[in-house]
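After the structure tokens below, expect a handful of questions from me.
First chain written, first letter: the chains are A, B, C and D, and each begins at residue 1.
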């Protein structure tokens, strides 16, 4: 029997009620405040700009307007037009300029309004910035962060050129680091790490998550790049996922708990370089793995995780690793067919039950 | 250039049609019935209408994120337009595209691409095909002033110039790219000067004056049709509404907007038509009424239309 | 125990002697001639240009000069500057212009000199051409072919910006077809199919293969897209591969035969959409699979094949699916470290032995 | 502008150094000792030398696929240059880059990028950093005439113009992009006119005349240093050799090449120096001899140097 990898097509998407309590990351006792994912990113930018005068922001309409999603709002008033710099519509040159500035010691944090537009900047991102240090035998380094909102959310997205998830393109490029946080806590801690990192870092922000709330420590903290985060421990089945899909996985885990299925949720919050150990360890423990990504299926990011399981846990597998991915299609505008483009809680629940039943 | 009465009335009709369509679309948006964003053409009607009335149906436009007006100016059916904006199967793109990708191929379009500048190469390539096949058809990519800073724009004008292709590059200067004023991203004051870099004519015209736009477009289009190559046509107008419906507009003053609203191309043209005494107020009123009814019907049609059937989700990915 | 996916780093590359006889595709009795991979592509272009006046070529220096690798040489003299059209250096616009021409009925075959430069054209390739038909609800189609030389060959390549293998970027984009032929026979037959196909087709040509010779039928023929080709039947282990690596796999199979290991070699000559059945069927038969690609490892193309095996043949697997890929690194200039960037015959032999021994 | 004797002799020295370096590199290539391709600067020496002598060491250039000459003009060590071309650990890029990516950061470089036009944004960004930090440093991206058709070129000049950045965009017109003559891909005859589109000065100079280039570059560099913004500097010369060593050159006639060789910038400058009587032939001869020896030593050094150790293959991917 062949287990079909399923895209979400068949399963009508349900817009879930995601409670803050679904993911708790701040240890009890540590003073904390509630922030949205968007506020958390802004706070990280603000703190790093205060800490290091070499950090500056560059992008289209990031000034007074605050960017397409308001992430940089108020930073313009605080730091002014030099350090919160509006640019012409020139994606490739925004990235290339960041590279030039980084080579001479700055730490630019740049924004491309939607990851969908980054096709215009692939040369500067993947062919120049990612390779420059290597090509020059270490004569330079390129410490920039490229912020790119990506992804969708049932009923929220805007068709084929404003809704994609493209982490796979960048994760396949040696020399880049790729981050995709799922919570306010991770977003702030990873952004600070990305800014301090000496390499070009692709920082993907899931648009639908901007309004999600979560607890963040009052005090300063920085999270390590290149580590998966076990968002939930479980014994029966491992769900490897990232971004918005983490929330579906957590909600699914809650539901499955009631059915005595104990789910471990691994958040690949740094997509590349990948922390293989954490995935391998969990797969060896549970022997059952479901991969969940928003990106479209073929040649997608879930595959790398699946092969890591293959290489680290083959003889422990009790069922085939299952892919649950975005529909392999451009993203449509109409609700009736945008529904089901992305996996949702129900789809994760079903996939976990299937691997348990296999 | 003498413009006949029918054409003048058609100019008026299409400008009003665009205006009423946009007002209806904004109204639907405010009532939460439109998903995603809509970018209206209110204030810029004279630009699209002046240009498109200088075109034949078999000439092709390439649209942008702001192309409701371009399509209607080219002759698109407002029913299928409105249906597309509501994501219905009866829309021009069968609900797959929505507002930002709305394109009426039946009245001469190459599509509407929401990545700024990306429509330009398509127009260049279609014009190349026309030239290779000896067809006297013309293509018109629309771009906003901020779009002239993209690499696409430069590469496209250069390629069309060296190959003498039948393209009229229409650069619509509404002074803003989202929140960014043109002065902050373009140093040259007269955008038509950018034509110098390609050795092609650059023309600048009042984008609130539909007749002036029409006449300038006619010259550029005729030149292209004669095989004499591309022209850069800059139309100067203004975006009366936010970048998208509901956009806060923190970057400009109400006063500035009000100043420009005084130049509204529709009442201005209305007065001009009546002033010349060639048209009776009643004719224009009846046009207004026709259009309002047409748009109301379009909204009703769109509302009643079905969304795409989920079973068709995978259609149109491959031919 | 965890089986490490190996990149070729450790194994010094051997430049193999690839005999024509290694791959025989023309049935005995069918009149055939020997052509190089490059001549085969040129012949396909010539025949299609003669057959259909809507077919024309566009690219940088493809005229008299014949392109960076001489593929279009002599076509300029035969068809003239209109149909063999030199362009300015404007990759994104070359692709976009092909899209516009295709929409109005032409069938452009365009060239980007090296796939490495295609980062400049990703917007027109992946965000426009691939999605236009869908976005417009089927109002148009985009029948073009984009030719891109890619890949390397020990001692032959020219560092980080002229040696990559980037099929994964394109294969991850719904709406595109991606072809990567390994032999003159496939190159000609697939090019003709690509030109006649009504979709945008990425046609990748492995640079090192241009001079490879092989038999091609005298008469006209067209090969189907979207089918894997079983280049060699075997019972013990399946090697799934493509492009130049197919030759290493075939040579390895010959060597292993002497050691009583019977290798099946599957040539994924159309990378996308992928023919999953052929891979699944073979994996179920042998239960042992080695994936070999020139592309760098992480989030690379081999992973999709591996997950297909997982989904179609899990319970038949006798050993973990092994990845043998390009080193996950920008490609260096110096021979001493370019050696081992790509898998070679020895690496394939070793990987097959390892899965047999597992 | 009065140019002192040392500078004049240094101009001569660097031009000869480039010429001899390229001849040696071609010789090595012909003998199969260089892998990949080499793109020589022979015939264009006056352009790079005139520009780079107008720069300080802490000013930065951005190179291309054809940057042997740019690096040497900026003061690079020919030993490390030759070692890089042979892929040795002692090369500027530790053998990782090779001819097309050769870049001497120690004498002021941002790297050499082989994707045409891709170095321009880097120069713009570094200049932005200098301006933000109040440093009076200048950046110079070199581009060939064909590179001015890339989107990067347009976006880069526009961005530098609107921000008044200290960049001197040097456009080296050698009349060909690989096999393609400039007339087939650019319609405007005087490339400096492309500056009009950005509202910045455009200057055109004889690229065979090192003094003329130097003087034009000095003005543009000083202007940039004063914070007055970018300049487009076009140097008109010619590529004496094939696009790359061994390239067949089917696209131009021997006669055309011979005509241009008569303008060879080195003998021309030699004669000028002696004509003015400011320099004795013997001084120039001794420079020639010094350089020949230097290059012979460089070749020897490169030959003797070790290739990178395989154990270091994964170095320098991440910082």
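Simple rule for what comes next: a contact is a pair of C-beta atoms (placed from the backbone, for glycine too) under 8 Å apart; a residue touches a chain by one contact, two chains touch by 3 or more.
None of these values were measured; they are calculated from a predicted model.
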| item | value |
| --- | --- |
| Least hop count linking subunit B to subunit C through chains in contact | 1 |
| Gap in Å, rounded to a whole number, between the CA centres of subunit B and subunit A | 37 |
| Where subunit B and subunit D are represented by their mean Cα positions, the distance between them in whole Å | 45 |
| Where subunit A and subunit C are represented by their mean Cα positions, the distance between them in whole Å | 31 |
| Chain centre separation in whole Å, for subunit D relative to subunit A (CA means) | 42 |
| Touching two or more other chains - residues of subunit C | 87-88, 90, 92-93, 116-117, 119-120, 123-124, 127, 134-135, 159-161, 174-175, 273, 329-330, 332 |
| Two or more partner chains touched - positions in subunit B | 93, 95-97, 101, 113, 115, 149-152, 155, 158, 162, 184-186, 317 |
| Pairwise touch network: line, ring, star, complete, or other | complete |
| Subunit A-facing residues of subunit B, complex | 35-37, 87-89, 93, 95-98, 100-101, 113-117, 146-147, 149-151, 177-180, 184-186, 250-251, 307-310, 312-314, 317 |
| Residues of subunit B touching subunit C in the complex | 60, 62, 91-97, 101, 103, 105, 110-111, 113, 115, 118, 120-130, 132, 139, 151-152, 155-156, 158-159, 162, 315-319 |
| Residues of subunit A that touch subunit C when the two form their complex | 1-5, 92, 116-120, 122-127, 130-131, 134-135, 159-161, 168-169, 171-172, 174-175, 272-274, 280, 295-296, 298-304, 306-307, 310-315, 317, 319-321, 323, 328-330, 332 |
| Of all residues in subunit A, those that touch subunit B in their complex | 9, 12, 60-61, 63-65, 68, 86-90, 92-93, 116-117, 119-120, 155-162, 327, 329-330, 332-337, 339-340 |
| Parts of subunit B lying in touch with subunit D, wherever the complex brings them together | 149-155, 158, 161-162, 184-189, 193-194, 196-200 |
